[in-house]
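Each of the next two complexes has chain A plus one other chain: chain B in the first, chain C in the second.
Up next is the complex of A and B:
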């Protein structure tokens, strides 16, 4: 019951956040965004034609009424049709978001799980050569640009110069085997880069926790080293770990997949967003921006609930 | 003839590597603890009490710390030569330790029951249910009201005194032969201090274990110990039975410590006597007696060579000019 109340309160307090984000982005879109009029009219339009098109596009209506339309669209999830393809925006997103999720989830989950695991191993052997080896690898992962990682893995695994085992582009998924074939290389590239940052961060968190008094107490009672790590230390380190994971979710879904999607020719929401920005496809942009803000609020809520599950000192009041 | 000691420490020296050089935190310390005895260890902060205690559990963080010489024998076993695995089997079962900060010494994200059951099951082949039963009994014995409610609470839901009782319950749950209590009451308020100390003394009698009580509070020592060691700057400077220590302190430092305890019923003093000067830097120790610079009796001898620990009046003292002369 507490939890439900808390969720409702948190959702209500998220409304101003959504309003703020959408308002700012809408101002930017309206005053600094692309103007479709001249694209539609071609060369040498008359003043009357301009006015007519501006009226059709709704550009002549007052700002506030256009903004409230946007909010209505956001609440009904009906964003109209894409300017460039004419496809319904919600249909477009419904088609591409699942692809992006399917594409990024394995890399995201693996990147974090392996990150925590490697961090635990490194922290356990801290100062020793295993630690140095893992952390050296992490620095390499961090230092290699994502682009290089993508191109490198493509060369190694998907080109005739390398192993040529996986398709280099596209998304022709009809079965689990297809799926695995298409995501393997992108996932490897994502994990390779994410692992660097994750491992370093998680190791720092875990090592910090290892110096706490309660860890000394546990050692003084004969707790075995691995149990100390995976039980006593890990649960205490989970708050920063959860924070990092949860806050990267909205970014991973929207923008993290952009590079991957363009380089592997995968029709996901990152690609759709990118195209909408470059062509000034306002309906799509409005949908993506608004939904990202909502996603953030939901993530915040979930993060707080997870905090409570991990740490009994966190109250949901 | 004293009985075979439970714990026997000989010529123990411990060094720490610091950024500014090597510090000898414990220097040539030797003492015994008989089974069932309560030994007090007194001294000011940084005198090596805690480091000595941690060494008995082999819990000195290493690096930077290391035992450079000496031996520690507990119940006939050579602690310093044991494998890490054997050492873990002993910690919490043969020898337990309770720590100064009950606020942070317990794990904040597990219930006290969970933590106690972990300790019990670590050392004894009990299923969860019987381990929980044992934990409940222990909580009851350390004087925690409504143990079956408390057992499912988290450390932050308990008061400081309660938490320290939980620590004690945990420490005693596998029947240790030696309990090391490192400033167990320092972080508690005065009334709770008394209750917790009383509990420790009572449990010590019930369980028949030896207790090594580390504190800077001579009052606590007086109430609960039969014998006490006084440490200064990593060295043992006096080792005496408690009545002897309070009635006829031999070392000028011990005398200074005793004089600086406020007394309620005695004549009004202008100010509380203090020991003049400060503890020498462990990095730049004097060649002679480490207390010489602050000692009213210091002579050239004291500044030039270190006084050995010698037997005197049923005690052991490290001083060239021991006794009660010119100080009452």
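Up next is the complex of A and C:
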């Protein structure tokens, strides 16, 4: 019951955030956004025809009523139809979000798992050459642009100038082997780019925990090093680790896959968003921005509940 | 004997020095950091040369054949329409510094001011508004924000810069806010308040200067982030509008690469990687030197 009350309070406190995001994006994207009047009109329109189309598009209505329409659309998840394809926006997202999830999840999970693992190894050998080697590699990895990694991996693994093992681009997935063939190169690029940042962050967290008194005590009592790392150090550093992972989720779903999907031509929500940006497809853009904001609020809530689960000292208030 | 006295004297002088003189000393002893700084210096000279018209002016001239091999005339070869890749890579250095410096300086200033106000007035409505603004800006997908701002500003050439400044201050703001909440309880602030110093004077003259170590490190981090974002945004067609940048060069090269022409891709990547790597090394060294609590 406490949990439910907490969840409701948290969701209510997220309302200003959703209002802020939708307001700013509405002002930028719709109010000052592309004017579609003349695209819908034929040649030499009369003043009356212009008036009609503007009315149809709702341009003549006052700002507040147009904005509250947007909020109503968001609360009912009914964003109307895409300007460019005529498909229902919610159906479009329902079709493309699973593709994005299938594409980004392996890279996201691997990037974080490998990051924690490398960070543990580096922290365990702190100051030694293994640590220096891993952290040097992390700085190099951080300095490679995502775009360069994508082009480079594509050249090495899927072009005739390299190993030519995987499809160059596209998304033609009907079975598990297809799936693995298409996600391998994008996943390698994602992991490569994320690994440097992740390893550094997790190492800093783990080293900070390592220098605490309870760890020294445990070591003095003769706890084995790997058990010490797992039980006394990793478990206690879970809070910053969870924070980092959770807060990257909403952006990984939208922004993280935008570059990958538009480069590899994968029909996920990132590609849809990119196409909507280039064609000025407002219903899609409004849906993407609004849903991201809602996702952020839900993430905030879920993160707090996870804190409570990993650390009983945290109280939900 | 006199040697020992000298050593004792220098260590004493060092331990008495301020945070800044200690930091400079520590920084100068950091080999990787100094190499990074030197490389950034070389890039800066290249960028200034372009700025003052000494070199890199022929970036848009179509002078050679398509895809010429590297030679004495075209040091890195030419691209698909016969432009000299060397000239373009050199000119792009200036564009990268423009983006990096403008975004780093302005977003740090905004982060410092808003962070300090939020921290000093923490718990009041000022703090609430700053935190709300930060949450909102962090929750808008970045690429969408850039695209929307570019449209709303009607093709203003620097809309990408504005979008980055508007979103990159949030981390600086959060760090400054935390530091100011700590500083607010210190005696020098209490003393200033007791003397009747106006609150804004306290914030700007006494508190913000004490956060300079955070601001300096954050500025270098934002500089790197801005350059890296420029590359991706330019590739997506949301970044640099006129002129050329490493991102635009890589965007061109994605077509050339499929035809087996790698010069454009390789040189743009090498220039970009060199600057980002050098700045990362310098930034790390700076962080180590300025954070007295840092554990490595």
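The working rule: the second predicted complex is superposed on the first by the 312 of 317 C-alpha atoms of A that agree within 3 Å, B and C clash if a C-alpha of one lies under 4 Å from a C-alpha of the other, contacts with A are read in each partner's own complex, and residues count from 1 in each chain.
Basically, a residue touches a chain if its C-beta (ideal position, glycine included) is under 8 Å from a C-beta of that chain, and two chains touch if they have at least 3 such contacts.
Values in this document were obtained by computation on a predicted structure and should not be read as measured data.
> Would you mind checking whether chain B and chain C clash or fit side by side on chain A after the superposition?
On the shared chain A, the partners fit.
> Considering only the touch criterion stated at the top, classify A:289 as touching first (chain B), second (chain C), both, or neither.
After superposition on chain A, A:289 lies in contact with chain C alone.
> Contacts for A:40 in the overlay, against chain B (first) and chain C (second): which applies, first, second, both or neither?
A:40: touches no partner chain.
> Looking at A:110 after the superposition, I want to know if it touches chain B, chain C, both of them or none. Which is it: first, second, both, neither?
After superposition on chain A, A:110 lies in contact with neither partner.
> Mind computing the angle chain B to chain A to chain C from the CA centres, in steps of 10 degrees?
70
> After superposition on the shared chain, which partner residues are touched by A:121: those of chain B (first), chain C (second), both, or neither?
neither
> Specify the partner with more touching residues on chain A, choosing between chain B and chain C.
Higher number of touched chain A residues: C.
> Report for A:16: first if it touches chain B alone, second if chain C alone, otherwise both or neither.
After superposing on A, A:16 lies in contact with chain C but is clear of chain B.
> How many Å separate the nearest C-alpha atoms of chain B and chain C in the overlaid structures?
Value for chain B versus chain C, nearest C-alpha atoms: 5 Å.
> Output the chain A positions appearing in both contact lists, the one against chain B and the one against chain C.
Common to the two interfaces on chain A: residues 127.
> Can you tell me which positions in chain A touch chain B when the two form their complex?
Residues of chain A touching chain B: 127, 212-214, 216-224, 231-232, 235-236, 310-313.
> What residues on chain B touch chain A, complex-wise?
Against chain A, chain B makes touches at 57, 59, 63, 88-93, 96-97, 99, 101, 104-110, 118-119, 122-123, 154, 156, 167, 170-171.
> Of all residues in chain C, which touch chain A in the complex?
Result: residues 132-133, 135-136, 138-145, 147-149, 151-152, 228, 231-232, 235-238, 247, 250, 253-254, 257-258, 260, 265, 269, 272-273, 276-277, 280-281, 284, 295-296 of chain C touch chain A.
> In the complex formed with chain C, which residues of chain A make contact?
16-17, 20-21, 24-25, 27-29, 32-34, 127, 139-140, 142-148, 151-152, 155, 159, 161, 168, 207-208, 211, 250-251, 254-255, 258-259, 262-263, 273-274, 277-278, 280, 285, 288-289, 292-293, 296
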